[in-house]
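Both of the next two complexes hold chain A, though its partner changes from chain B to chain C.
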Partner chain A sequence: MKRIYAREEYCVGCRLCEIFCVVGHSKSKDIIKTYKKEPDRPAPRVAVWEDGPLSFAFQCRHCDQPSCVEACITGALSKNEEGTVLCNEDKCVGCWTCITVCPFGAIQREEGEKKKIVKCNLCSGEPEPYCVSHCPNRAIVYEERGVE
Partner chain B sequence: MKYVIIGNSAASVGAVEGIRKVDPEGIITVISEESYPAYSRPLISYYLAGKVKEEDMYIRDPDFYENNRVELLLDKKVSRIEPEQNTVKLEEGQSIEYDRLLLASGSSPFLPPIKGIEKQEYHFFNYFDDIKEIQQKIQLNQVTRPLIIGAGLVGMKAAEAISLLGLPVTVIELGPHILGSILSDVPARMVQRKMEEHGVRFIFEKTVKEITWGEELQGVVLSDGQGVLTDLLIVAAGVRPRIELVEELPLSKNQGVKVNEYMQTDLENIYAAGDVAEGWDLLQEENRVIPIWPGAYRQGHVAGMNMAGLKTKDSGGFAVNSIGFFGFSIITAGVFEAREGNEEILCREEPDSYLQLVFRDNRLLGFIKLGEVGQAGIFTWLIKEGIDCNSFKEKILRPGFCLLDLPEELRRDRMRGGETIESPGCA
Partner chain C sequence: MGFSMLAPEYRVDRDKDRCIDCKVCVTQCPYDVHYFDEEEEKVFAREENCVNCHRCVVLCPTRALIIRKYPLEFRENSAWKDIDIRQLQKQAETGGILLSGMGNPKPLPVFWDKILLNASQVTNPSIDPLREPMELKTFLGRKPERLEIGCDGSLKTKISPQLELSAPVMFSAMSFGSISLNACRVLAEAAEQLGIYYNTGEGGLHQSLFKFADHTVVQVASGRFGVNSEYLKIGAGIEIKIGQGAKPGIGGHLPGEKVREEVAATRMIPLGTDAISPAPHHDIYSIEDLRQLIFALKEASDYEKPVSVKIAAVHNVAAIASGIARAGADIITIDGFRGGTGAAPTRIRDNVGIPIEFAISAVDNRLKEEGIRNQVSVVAAGSIRNSADIVKAVALGADAVYIGTAALLAMGCHLCRKCYMGKCSWGIATQQPHLVKRLNPEIGRERLVNLITGWKHEIKEILGGMGINAIDSLRGNRHMLRGVDLSSRELDILGIKAAGE
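What follows is the complex of A and B.
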């Protein structure tokens, strides 16, 4: 399946991927409205890790055998036929069991009062995930790499 | 092929999904003593506290059984297994044939020997029906002084839920601190303080000797003679694997039923998974019951695939728990104390968080993480893979430890993820 991969040699840690991830998961999908008008601004599903000159964007790997789906106590997490690991946010209770078992540390939490996880859904329905299409350096790519 | 599954929780759902990955045709029958489709046992305290509605208790969509062509028998109790005939006999007399049988009967709550308990109404906190009874009593304003026996995972979730309903909860614990199965003393005191701030009261190192009653439940007498008044008694004194159906069968069992790496018991057509099974413990290197939800699903899934003919080895597991009280989170995995004496224990304690790491030969064996949640799965992965942490051990202890802190080769391996690296499965 196509997955998102980081190319750390091109990442400058600008965090535009995080910004556009938020936009892509907002109601309007408009950057100004998302940040200035909409009350429930979603949390980014991608995180940029940075230490000096080293930085890269990281999100769910959509594992073939996802530990998080096995572990989910509510049935909120599932893997669909395309292979995307999805979270039904209505069912998530914020027990953090998935975070406890995700071998990549790739699951994020909603900030503030909402006690739920958020995770990358590969921007279902979009030709390319927002983080990928808005990265100015092509430091995030969306491609089929198969088994290396 | 005829598959029969006794039990209808995580291991059972895992088995159905495992079987159907391999065999779309075979006949699957699931037998449950309860009256509900598979629901989440960990959510019952959320339900009682009003955080989850009944329709969100179910771990699969309503059409799960239909879509997987499962005949679901609810409110049916198995009276015995007849391996010579390959049949399971129900209490009401019906016999069901199987080619492959999965015992996923789970565990049942333990009732400690307490004088007078048989004469009085007490509640467990394990099944949906237990919670509905408790809920009804509370809603009818029949409860003013709830008392819980046992400060383990179940007792503490009960205490939190009932406290959230505005009632002053007292907990009696035999051990010196709460959550003895997952926490050492210092982090346990930290969690205890959080709970006390919300009005939960604890009495340690005492047992309940006797229950006193008049017309109704009045209270309990503790081992030191002290009396505690109560009008709602919840027993949360641990669980025992439900092996009664195989007690007479010629297969190995200790506390639970012993299974091999294919989740098969000594009888080749009978498999076991979940709280009833003694699967492989990766850290203790022995067969042991590890009664956790993710492990039950994983074992059931592996059992299902093997039952359907696809030889699949279970990787084994270890204890992993994520639990929280009043918004304060606790994540633990593996071992939390020195066992052989050559372990190295590193701790970082702050007012609202705590991290404890246990290493042996530079390999992480377990952790306790309080008050901060993020990235905990990387710790679990380090344990599972037995990774030599010597070069980055100090970084693991720091707040915000993440993939960046791994040596380059390991980090690149994690960043690729997906197809190249098999997810280790949950513990």
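What follows is the complex of A and C.
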């Protein structure tokens, strides 16, 4: 399946991926409206990890055998036909089991009062995930690399 | 820094209706301009640090930033302009030599803009390059006096080694050290893809770039950094650097902080030591000495590579070029007074040397008068900005041109001219790992290849318009040029007629 890969050698640590991830999951999908007028705007599903000059964007790996899906107590997490691990928000009860079992730490809690998790959904419906299309240095790519 | 009399040079205008305080500007500014105030939860700017590199402007996701010239004005004075006062204030604070990066920005005339090109009308047909073949191929190197053809039609004359270019343009000498390895890589990959050459500058050749050696001109300069037998043998050509347009008569100085592991290994010098290139080559004090070095290098490379000698365009450039040709060089590279640099003393850069336009015609004339024009190719450098400049340079008598600044601009340089600070926000003139990675060589190469590809199309269009179908037919063809706004003396030196003549 097509996955998002980080190229840490070109990540400039600008965090535009995080900013546009929020825009991509916002109501308006307009950057200024999202940040100025949506107080309950979504949390970013991607995070830039940084240590000195090393930095890279990180989000859900959409594992072939996802522990989060196995561990989910309500069946909110599932892997669809394309292989994308998705969360059905209506079913998520915020037990955080998936957060504890994810070997990568790729799942976050939604910001604010909402007791739900947030995770990357590869921007379903978009030709390319927002983080990938808005990276200024091609440090995040969305491609098919076959079996790993 | 404590109290300073220097007012900021630039003002950072932040449109608060657009700014979302995302801190991209904060993470991207290597000059410590933007900062986030945790208490206020807002981004602010220390304007005095701004160098107007545009990194924040380009990356700002909401286009909230505009950098403007600081509006503070000194009392009007025609003799003491703002820049003069500021430079003096700076020197009064530091007691040092003023340093500058890139080429001379002074409002001296750009003679390219005073030269106009010809086109065919009615009596001689123009050529459509989309329908008819158009040749830009250029060979650099010594050309034979005559060709001898055997009875069977084979060529009997032995042709000296040549550089074969798909178009009359190459990437100027910029060393690994002055620019990042990623930037060197962009030049190397683009040169290979385009079928032209790049020049290593006096930085040696990094191991990872050996595979592009067929498109590399290796430079030997006064510090002899990175020069060894393999280096001389691996390149497609060798260049002896005598001078540079931005700083004629001056050597080079790569500060120790830029001499990190890879630079040190490539230059073959200890880690962290200043790499100082002396002003003269200490073994060259005459044309005869230069001849010795040229032939030493030819000997070392089995007479298989053309040897170029690069000089700055100075007052006696024609006589010097004649000497260089007679010393056995195959190519003479002349770098005009507007040529770029990573660092040069400001006063030298802004006041020494002559315009490349005059140097090309003076050298071309002199070599023709002496009947030795065929012995050398002439490469012009320093301030070639676009394809029309290349066409004009070739028509004035150059065989090809070098571009440095233009190539860097294609990669992302915004000409803020602070290369000497080593903090290039575009990842070009820096060795700091977190900045170097800002230049993704893949993107840089694409942009540079695009630029030259576009230029090639434009040169073909211009040639076609003149009714010429090969760049060789334009070389030294000054009938294709006319001058505007030039004195008759200037026209004479350029060897061109005034518009209307």
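Structural remarks
Quick note on the criterion: the second predicted complex is superposed on the first by the 147 of 148 C-alpha atoms of A that agree within 3 Å, B and C clash if a C-alpha of one lies under 4 Å from a C-alpha of the other, contacts with A are read in each partner's own complex, and residues count from 1 in each chain.
Rule of thumb we're sticking to: a contact is a pair of C-beta atoms (placed from the backbone, for glycine too) under 8 Å apart; a residue touches a chain by one contact, two chains touch by 3 or more.
Since the model is a prediction, treat every value here as computed from it, not as a measurement.
In the three-chain model built by superposing on chain A, chain B fits alongside chain C with no clash. Once the two complexes are laid on top of each other via chain A, the angle at chain A between chain B and chain C, using C-alpha centres, comes to 150°, given in steps of 10. Shared-chain residue A:Gly105: touches chain B; no touch with chain C. Of the two partner chains placed by the overlay, neither chain B nor chain C lies in contact with A:Tyr142.
For chain A, the partner that touches more of its residues is B, with chain B and chain C as the two candidates.
Once the two complexes are overlaid on the shared chain, A:Asp64 sits against chain B while remaining clear of chain C. When both complexes are overlaid on chain A, the residue A:Thr97 reaches chain B alone and has no touch with chain C.
Superposed on chain A, the gap between chain B and chain C at their nearest CA atoms measures out to 16 angstrom in whole units. Those residues of chain A whose C-beta lies close enough to touch chain B in the complex are 1, 3, 5-6, 8, 49-51, 54, 56, 58, 61-68, 70-71, 73-75, 90-91, 93, 95-105, 107, 109, 115, 145-148. Contact residues on chain A toward chain C in their complex (touch as defined above): 9-16, 19-20, 31-32, 35-36, 52-53, 55, 134, 136-139. Per the touch definition, chain B reaches chain A in the complex via residues 14, 40, 42-43, 46, 51-52, 56, 58-60, 293-294, 297-298, 301, 320-324, 327, 329, 331, 333, 373-378, 380-381, 384, 402-405, 414-420, 422-427. Touching chain A in their complex are the following residues of chain C: 17-18, 20, 22-24, 27-28, 58-59, 61-62, 432-434, 437-438, 440, 442-443.
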